[in-house]
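Structure first, then comments.
Per-chain numbering from 1; labels A, B, C and D assigned in written order.
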Amino acid sequence: MKSLQIELPGLSLKNPVMPASGCFGFGREYSQFYDLSELGAIMIKATTEEARFGNPTPRVAETNGGMLNAIGLQNPGLTGVMENELPWLSQFDVPIIANVAGSQVEDYVEVARVISSAENVTALELNISCPNVKTGGIAFGTIPEVAKELTEKVKEVSQVPLYVKLSPNVSNIVDMAKAVEAGGADGLTMINTLLGMRLDMKTGKPVLANKTGGLSGPAIKPVAIRMIYEVSQQVDLPIIGMGGIQSAEDVIEYFYAGASAIAVGTANFVDPFVCQRIINELPPLLEELGVEHISQLTGRSWGKHESSTVHST
Amino acid sequence: MIVNENMVVLSHERIAENIYELVLQGNLVDEIKAPGQFVHVKVGTGIDPLLRRPISIASHDPEQHTMTLIYRAEGKGTRLLTLVDRSERVDVLGPLGNGFSVEGQRKTALLIGGGIGVPPLYGLSRKLVENGWAVKHILGFQNESVSFYEDKFGELGLTYVATVDGSLGSEGFVTDVISEEKPDFDVFYSCGPTPMLKALERQLEGKRGFISLEERMGCGIGACFACVCHKQDDPEGSSYVKVCSDGPVFPVGAVLL
Amino acid sequence: MKSLQIELPGLSLKNPVMPASGCFGFGREYSQFYDLSELGAIMIKATTEEARFGNPTPRVAETNGGMLNAIGLQNPGLTGVMENELPWLSQFDVPIIANVAGSQVEDYVEVARVISSAENVTALELNISCPNVKTGGIAFGTIPEVAKELTEKVKEVSQVPLYVKLSPNVSNIVDMAKAVEAGGADGLTMINTLLGMRLDMKTGKPVLANKTGGLSGPAIKPVAIRMIYEVSQQVDLPIIGMGGIQSAEDVIEYFYAGASAIAVGTANFVDPFVCQRIINELPPLLEELGVEHISQLTGRSWGKHESSTVHST
Amino acid sequence: MIVNENMVVLSHERIAENIYELVLQGNLVDEIKAPGQFVHVKVGTGIDPLLRRPISIASHDPEQHTMTLIYRAEGKGTRLLTLVDRSERVDVLGPLGNGFSVEGQRKTALLIGGGIGVPPLYGLSRKLVENGWAVKHILGFQNESVSFYEDKFGELGLTYVATVDGSLGSEGFVTDVISEEKPDFDVFYSCGPTPMLKALERQLEGKRGFISLEERMGCGIGACFACVCHKQDDPEGSSYVKVCSDGPVFPVGAVLL
């Protein structure tokens, strides 16, 4: 589908649709449902230096139009991902975006250095915004200076373009975006989850063992759209947008806001075929809207003209 | 293979207080491999509720391509589910997980169920009998008004019932029945609230058995890490099992409850 | 209903249920549906020194599980409220909480000075968090130091206890709460709306004439619960909680989180009888939960004991 | 008095492409004061969609306690509304706003409607005729497939139809019909898209008339200030009218369009 092909730093995308990190594991489960090569890219589960078990259960709770999660970055660790997951994924013709997480700068740097050397990892997503890890995490995602330095350090060692994933739990998202741009980021992904909580009617205690969790799903879409609208006008980096996307119409709204590609998270749990469905629904919808190429829609809400991706490739 | 199908409702009846029996027909049934597997049900078409609801396959009929779900109307999703009428359709993802292993050797099995843990044991019991096993059942309920299927289990084998208030069968828990009746058996199978499973693990120490677990789920297929449990041999470590895809059935002693 | 009576600074509440500011006007319209004296209190629409027309329309847009609004603080101005609205409200046996807004310190101070002298205004709600006014507003709601100073200045002139309404659009809600506590606030109300946006499928432009708007409704409840949970453990002020409340169960969840009373906003638009309904549903629900008084539930999620209101009266 | 009632669906039919006619019965009807008032409809019981939908009362029958709504299935809410079946119930708040004033003097009225602005004019026309007025109608639609009620209006008085593509009646807009036919009248009444109302205001300058406006709404009763318009005599100032409670009908020239 020519109308969907997009070039972003490190990413030659058949289409701008990819599963969001943590909502698709390392692809194995969803490969039962459709050929992963149909996807624009895959954002794999956050990888940390050591294997992590994550938080105690319950780890998820439902909310109105959304859900809370506190998985706690469970993952097989750098070695496990390098030796088992990435090689398995290499059977598919699809670029992998590795989500890099850690508790301190050194962790991030080490994971980025190693994982960016994997042959099918064509970009990194720096997860400075996970609300579910006690240590570190939070400062990286909320203090511009700290985010900038981490970006610089990771950029130094990364062999592939670096996207930084922004947290919505900040007073000024534009400051964060500018900071990581100054730090050398090649792109942005946004938004991560909003910090939320649900309490049990009977006990009065938090439903999640971790007490608080990250809010995702349709409920947060208006916040994500607003932030992408603000950031895309202030920074010169391509944005991969996410937050509550369920349909091709949602994708179009993200492009209007200023996104150059999008990711689908929570919706995969409701409909395992959602990414494939959206990819198929986009071309007819673009025709209806009378545009030849989806990138023409990027930033339409604030009057940006034509392909937003050129400048950034 | 896991399929996602809008299955047809053949019947939908209230069989006890807040307990409903839902019979669905579709090709998904052809994929069912073992009793104890479950399905992930989307209630309604919109975002309210957003997530699917995991419900065990109580029994199924390959010829008719039908399966029976038995659920308790509790929160938002299951209460909405009760409104679905005959001949309407329900969005089902499944079959999911691994069920109970029912090897061929003719032995005696003890099936122990508690509350909404009882349903999957019915399909299991039928399968065991079909395979020539002798089956005994111990069913635990809060009270008579929420009890169901005692008769159906009775047709398959000796069936004890215990209720917390004694309104049906003996008063107390399934564990009390075991201590009193001391039923002998080769393998036990159990599904129910975690505290009950814990108690059984202690009481039936050393016995071969299989238990079916419950955990809050996201994807239901093994991708989101919502339903993870520690293993008993590595209680603190990073090794784990996923209830949705590695379970919900595990050999007793494998998982840290 | 003894089980619902609550004493808070400036507020003797028959029950802890009140309509949230801006969602109930000045009560006239809802008085067609039930006797306003049944309410615990009424938070009236934001009042500014001069009459304001507010933003152009469209001013509202629906989102998944919520709505966006950008009314822009339309109100008849201080004189209008003092001469027409408050006297009209005095026919009801219900305490009025006046929502005070402005663009600069002087406006806030003047409105607070005058309106706090009205005989049926028993408390002020300092609106430092309106996302829909271009000037001022934002800084007051996001910079602790600025919020503290405004609180001090307003506190000086107010003849009644002062509640400060916190914005959720901040990196650290606890810092904001502590700042206004240090500034002399008698209580907190939270949360105001999350800044959000919706774009039109056909035009690609914002649905709201103001472009961005405040997100309210069930979608934001998990964020509000989390913030009240955090703040109630860190500050010694009573909290009036709000955000997506639709039922008595929601009210209980807010008390568990740490609220001492609650306000209902958006739900009034869906069900004009919602406040009355909730007030009637609470007593039986409390019995089910086996508590004599609702204040016993305050802070149960983090283990706070018994009546939270004592210390603050 | 405004009431909130779960009204019974007496009939629900598709009368044109994406256009549905919904007949509801209940005591709310007894409160209707004038044609042009509207109701606020809650679609579904949950939070999806969250807000009510404003829909004009097309006509009502006091004896039968019934009222007719005609709506276009467009977005989430109205599309869901089409699924409501006969004898089910719909949550309605109303009647809301002030309708068209129909004083007793026997005069000639010109009713000009566009698209989904046509419905309220039908009840108005019937009322006017009942009061002894002579009525003429000009109805504008996109094309024939979305047109409706031409015949019913025809039974009440002279009726011109204009469609953008000329597939029904004359090709063009209602304003073209006026320039060509130059119908004479004493008062005009109009409801339709704002651009149409603007054009009419210019074209019929000096004529007495009433127009019904549309605005996005929150509460629908005057409390939230969502639906506010400037007045023509104070275009920049702080004086205003609320479409929901002061309108939706206003004398031409009162409101800044």
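We adopt the following convention: contacts are C-beta pairs under 8 Å (C-beta built on N, C-alpha and C of every residue); 3 or more make two chains touch, one makes a residue touch a chain.
Note that the structure is predicted; figures quoted are calculated from it, not measured.
Of the two chain pairs examined here, C-D and B-C, the one linked by more C-beta pairs in contact is C-D.
Per-chain Cα centroids separate chain A from chain C by 34 Å.
Chain A and chain D, compared by their mean Cα positions, are separated by 46 Å. With touch defined as above, residues shared between interfaces to two or more other chains in chain B number as follows: 47-48.
In chain A, the residues that touch at least two other chains are 64-66, 217-218. In terms of inter-chain touching, the protein chains here all touch one another pairwise.
Listed in rising order, the residues of chain D touching chain A in the complex are 47-48.
Here chain C touches chain D in the complex through residues 22-25, 28-30, 32-33, 45, 50-54, 57-62, 64-67, 69, 71, 74, 76-77, 217-218, 246, 266, 268-273, going by the rule given at the top. Considering their complex, residues 64-65 of chain A touch chain D. Note for the complex: chain A touches chain C at residues 63-66, 68, 142, 169-172, 194-199, 201, 204-206, 211-212, 215, 217-223, 225-226, 229, 244, 249, 252-253, 256-257, 297, 300-301. Interface residues of chain D, counted against chain C in their complex, comprise 1-2, 4, 42, 47-52, 76, 93, 215-230, 237-238, 240, 245.
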